[in-house]
Amino acid sequence: MSAVLEVKNLHIAFGGVKAVDGLSFDVHAKQIVAVIGPNGAGKTSAFNCITGFYKPTAGEVLLKGAAITGKRPADIAAAGVSRTFQNLRLFPDLTVLDNVRAGMHLYGGQNWADAIFHTPRFKRSEAAYTEEAHRWLDFVGYTGPRGVPIRNLAYGQQKQVEIARALARKSDLLLLDEPAAGLNYSEKQRLLELCHRIRNLGTAIVLIEHDMGLVMEVSERIVVMNFGREIAEGTPAEVKANPAVIEAYLGRDEDGEVQSHGDA
Amino acid sequence: MQLIWDGLFVGSFYALIALGYSMVYGIIKLLNFAHGDLYMLGAFIGFAVLSSLGGIPASLSIGALLVVLLLSMLLTGTAGVLIERFAYRPLRGAPRLAVLITAVGVSFSLEYGISAIAGPNPRSFPIRLEGEVFNLIGARVSLPQIVLMIIAGLLMIGLNGYIQNTSTGRAMRSIALDRNASLLMGINVNAVITRTFFIGSALAGAAGVMAGAYYGKIDFLMGFIIGLKAFTAAVIGGIGNIKGAMLGGLVLGFVEAFGAQWFGGQWRDVFAFAVLILFLTLRPTGILGERVTERV
Amino acid sequence: MKIKRHSTVLIGIAAAVLLTTSGCSGGLLAGDGGASSDADAGPVKLAMVIPISGSSAPTGEYMQNGANLAIDEINKDGGVLDGRKLELIVGDEACDAQQAVASANKAVSAGVVVSVGGYCSGATLPQLPIFEKAGIPMIIPAANSQDLVNQGLKNVFLINGTGKQQSTAALDFIKKSGFTTVALVDDNTSYSKDINTETAKQIEEDGSATVALSTSVTAGESDYSAVVRDIMNANPELVYWTGYYQEGGLIINQLKKAGFAGQIMVADGSVDPSLSEIAGAGAEGVFATMTQTPDTIEGAEDWIANYEEKFGSAPGPYSTQSYDAVRLAAEAIEEAGSTDGDKIIEALEGIDGFEMFSGPLKFTPEHTLSSGGFVILSIQDGKFVLEDDLS
Amino acid sequence: MSENVDTTLAPKKIRPPSGRVSRLFESKWLGWVALAIAVAAPFVNATPYALNIMTTAAIFVLLASGLNIVVGYCGLLDLGYIAFMAVGAYTSGIVAKAFDLPLLFTIPVVLVMTVLAGLIIGAPTLRLRSDYLAIVTLGFGEITRITANNLAITGGPSGIFGIPGILKIGDFDFQQPAVFYYVTILVVAGFVLAAARLGKSRLGRAWRFVREDEDAAEAMGIHTYKVKLLAYTFGAIWGGFGGVLFAGHLSAVAPTSFVFLQSALVLMAVVLGGMGNMRGVVIGALVISLLPELLRDLAEYRYLAFGVLLIVVMLFRPQGFWPARGYEPERKPAEEREAVAVAGEQR
């Protein structure tokens, strides 16, 4: 079984601070992998390295066996990676549909001349864009209004739209940065179910998440980071039993969280 | 030699104005497009003050100049503070585009406001620095030039001391690094920004009065080109960097003097802007700037 | 479907507009517009497109006053063409091509008969085709770029000396005073560059002096140390500044500060009271090539008194030329016996010996003054006085 | 999947702002009505003055619609936009005079030159942060003007004059003011429509994505640099055509027409009208270009007023007087059912 994503010995430093210090893990097709760790452990920095927003100081990132290290984000997205952001990065003044259409940019189907002359090709492709956008909104279970600027919507709805936008990219690998942050219990349950459905589409998922209950339930494998280093990797059960992980979380206020959700 | 001296002299004007650009940019990441117009405003305030004082004996001109200089600095500084308070502060956190457009609006308002008040025609400055011309290692140097350069130098040294050694100066530097953290540390960010605007504008105003007294002619558009040049100077030195702005001003003065020598005076501005574009594309952090990685 | 609906609406709107407006005069369907509707009655209108805003606005005022003075005099004497009054239609050019075109078109629409304006050459050039197409003669009192003449338009008459004539005057003075090396500096505007290149050409052809330096500066700056340095290096006996007074004053001042020992001469664009204000003490003794101003014309005291009484200020540059332009227009209209453009042009071409401030007028075949009327002024006690009438 | 859709959360009805004025403004007819008025205007008043003002205003509309692509759609502040008009005007003027061609035939050269200018100015600068970009474009604008003022081929400070007319077929001269006006209206209407259509296409959306959040756009696979360069190039073409019309209209081109003030005026039209909204921008351009003609007496104060207006608009109505409409129609309920079913078996 070939890996969709291989991260090999990734390093990045800002000034003297080593944000990611030797991270390696693989993600296989249809796999859901979680990256966890205390705040400031370097999870989001690792995401940014994988998606090209940071240039890693050392190490390699392979997507389906091809190196994507240090390419620009748009090229990495085109190669088959899509992502969401830790704090929503939607296009606030644009409509819900337009936000989802952003994920479809690479579909092409029209050029500027088509647009200026309103060729049949243009009309077809616009109709397809709209239809597809509705489809992805339905897929994530979005029920809100779709023709209004997204800034008017509730936080939970915005989160749904951001996932729909990333899905519309139709990538092989989806990186979700804290998808459950700020969601209530029923929303989290729907997110859990959505992750499974996304995987059934054939897309692998890597997610950063603080909600241990969700992480333990949804992911097949877990990578644990602390101070930029990878301190453990394995199945949820293995990780839960790993002394290094327990140590990393002990003495911190996440302690209780691990315990309580561990029973779930 | 003459080239170097001329470059140094013009460069010290650029440096004074570039300082304000750089300070404001360093602290609130705002490109104060209207900064050059504060230089113009300073010159006109100086003009108004002098005219209202009436005739001044020529013998007193240096002393009178210093008084006018201080007064104009005070008033221009206040104008800068008002501009920040009413035009920029409400937009803090707004998209960069909105702030920039506002700055263009401020620039326009200042230029044509002065034009409406003082008339569109150039005015000749009431006092004039005249003085001996003598030879200094191969360059013609005049007394007024030396006086003005000493004033400019003192202002810059004073500013540097202020920023390095006082608590406000430290607060400025910390805000430049991280505004939110500074807020958490209990620094009154608004007060510091106000002070920054005051100092930056006052320096531009001082440059305006000095230019008026030296060149003898002021007009409402005099700040436009020099504002651009000062920005260039700030970029050359590394924008946000106080010492860089001083260095950048002098470097630009030299570069221009040599450029004008090689290509002819009418190409001087083209040359200066080409330097700006080169720096921005090849080394946007300037000579003294540090590399900053922008985080997502 | 949709397109059909659109077009029906369009046609409907167009038809409605046509119906409601076909009665109006001045529309496309009403012949050639309102331009000539009052050709035979009412006041005879003269256009004057001059700088009212912008940095040359003061000169515009001098010109407008001069023109109004002439109009009042003529109207007091019974106007033209058996009692029709003259009326001045003033438009702003602001030394900008686009504004000039707008104002010229406005004047044409107002039904003017003769244009008596034109100050900035760059803004006057694009007016030429507009007045030419409308068949309106132009008597240009101030603008004097050679480019105006080079177009060879038959409706264009220049009553200010051209750049070429000014250059000749400069050369005469150079020879007369025995200068052997000259530096020429312009401000990169059409008018100024014209004089620079023309003077350089004439000096070289003449051979009695050499051009040590011919260069341009950018208008609107404060620091001219680069050109001062160049001049000091070339070390000429005379510097001839062909630009306007704003920069001229600065350059004179900076030259003197740098210890320049030679003489300085300026062209007519710098002849303004502000020149010596800006230049300070260094302006004393500066020469200028200039057409006669009322100050320097003998026997013009009455005229000056009239002007001062009417406008409360002394006349300035181009007041006399504007005054003469209006008088000349009236004369030509009278001569032609009609407001028809072609007839007026014919009359202008036929004029011989019409008395103006610059002397008796007769146009050359290219519609310029036969003699430029340039004299040399110099600054004494901060004021321009006649130095040499070059006769 | 249907059981996961929370049916109790039925779509909230969020309606686009209604109100008679805004509805009138959003009306599909507005463009046609405007065109009809423009076509009909000369039948009311065809004095050279009126035609001149209207032609100038139309050219200004074209410039504003071009700048709107750059500033409004893509969010790049260009303070030297008039340079593109200068390139267009000079190119067509020089070529037309040198080969004695009607202006119409210079268009291919103008296209090449303006696209080149867009690339030359854009390529090095579009990687810069937005505020640097603003000042660099300002510098480029000045460089263009000063260069034109100093070169022999551009006629130096006098510029070029006596430019041939736009086209002449037999005795019919397209240069007659009324005909030229209609040519201008036709060209401008075409370009405004094209710009509006571009705004509602894949490329136009990409511009908006870049404007709203460059990083998020990158993450979606949008090559932000290329997209920005395209915006710049289109802006340059619009400006270049504005230049051709300008050269044809005045029959003379001089450096004084391309000062910073002109760039600022075009920018004001875009900002006041409503960045990103073509209708607003057209109205803004008409207001900016026609108002001074109507208020000639206040000429001295108009720039002051514009400056103050810019600040006030940014403070209180940052989207301009007629902001871009942020709404599009909702889906019809019938389709919804179908689409839900399809989405379930996606891929």
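Residue numbering begins at 1 within each chain, and the chains themselves are lettered A, B, C and D in the order written.
Assume a contact is a pair of C-beta atoms (placed from the backbone, for glycine too) under 8 Å apart; a residue touches a chain by one contact, two chains touch by 3 or more.
Computed from a prediction, not measured in an experiment: that's the story for all the values here.
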item: Minimum number of chain-to-chain contact steps, chain A to chain D; value: 1
item: Between B-C and B-D, the pair with more C-beta contacts; value: B-D
item: Of all other chains, the one whose Cα centre sits farthest from chain B; value: A
item: Chain occupying the middle, per Cα centroid; value: D
item: Centre-of-Cα separation between chain B and chain A, whole angstrom; value: 47
item: Length of the line joining the C-alpha centres of chain A and chain C, rounded to whole Å; value: 71
item: Distance from chain D to chain B - Cα centre to Cα centre, in angstrom; value: 34
item: Centre distance in Å when chain B and chain C are each reduced to the mean of their C-alpha atoms; value: 39
item: Residues of chain A touching at least two other chains; value: 53, 85
item: Residues of chain D touching at least two other chains; value: 146, 149-150, 215, 300
item: Shared-contact residues (touching 2 or more other chains) in chain B; value: 120, 225, 266, 269, 296
item: Partner chain D, residues of chain A touching it in the complex; value: 51-53, 72-75, 77-78, 82-83, 85, 89-95, 97-98, 101-103, 105-106, 108-112, 114-116, 118, 122, 125-126, 129, 131, 134-136, 138-139, 141, 143-149, 152, 165, 169-170, 190, 193, 197, 201-202
item: Residues on chain D engaged by chain C in the complex (per definition of touch); value: 29, 32-33, 35-37, 39-40, 42-53, 56, 146, 149-150, 156-159, 161-162, 178, 249-254, 256-257, 293, 296, 299-300
item: Residues of chain B defined as touching chain C within the complex; value: 2-3, 6, 9-10, 13, 120-122, 124, 128, 130, 133, 140, 142, 144, 211, 215-217, 219, 221-222, 225-226, 257, 260-261, 264-266, 268-269
item: List of chain B residues in touch with chain D within their complex; value: 29-31, 33, 87, 90-91, 94-102, 104-113, 115-116, 120, 224-225, 228, 231-232, 235, 266-267, 269-270, 273-274, 276-277, 280-281, 284, 296
item: Residue numbers on chain C that touch chain D, as the complex places them; value: 6, 9-10, 13-14, 17-18, 21-22, 24, 26-30, 33-35, 52-53, 92, 95-98, 101-102, 105-110, 121-123, 125-126, 128-130, 134, 145, 147, 151, 188-190, 192-194, 216, 218
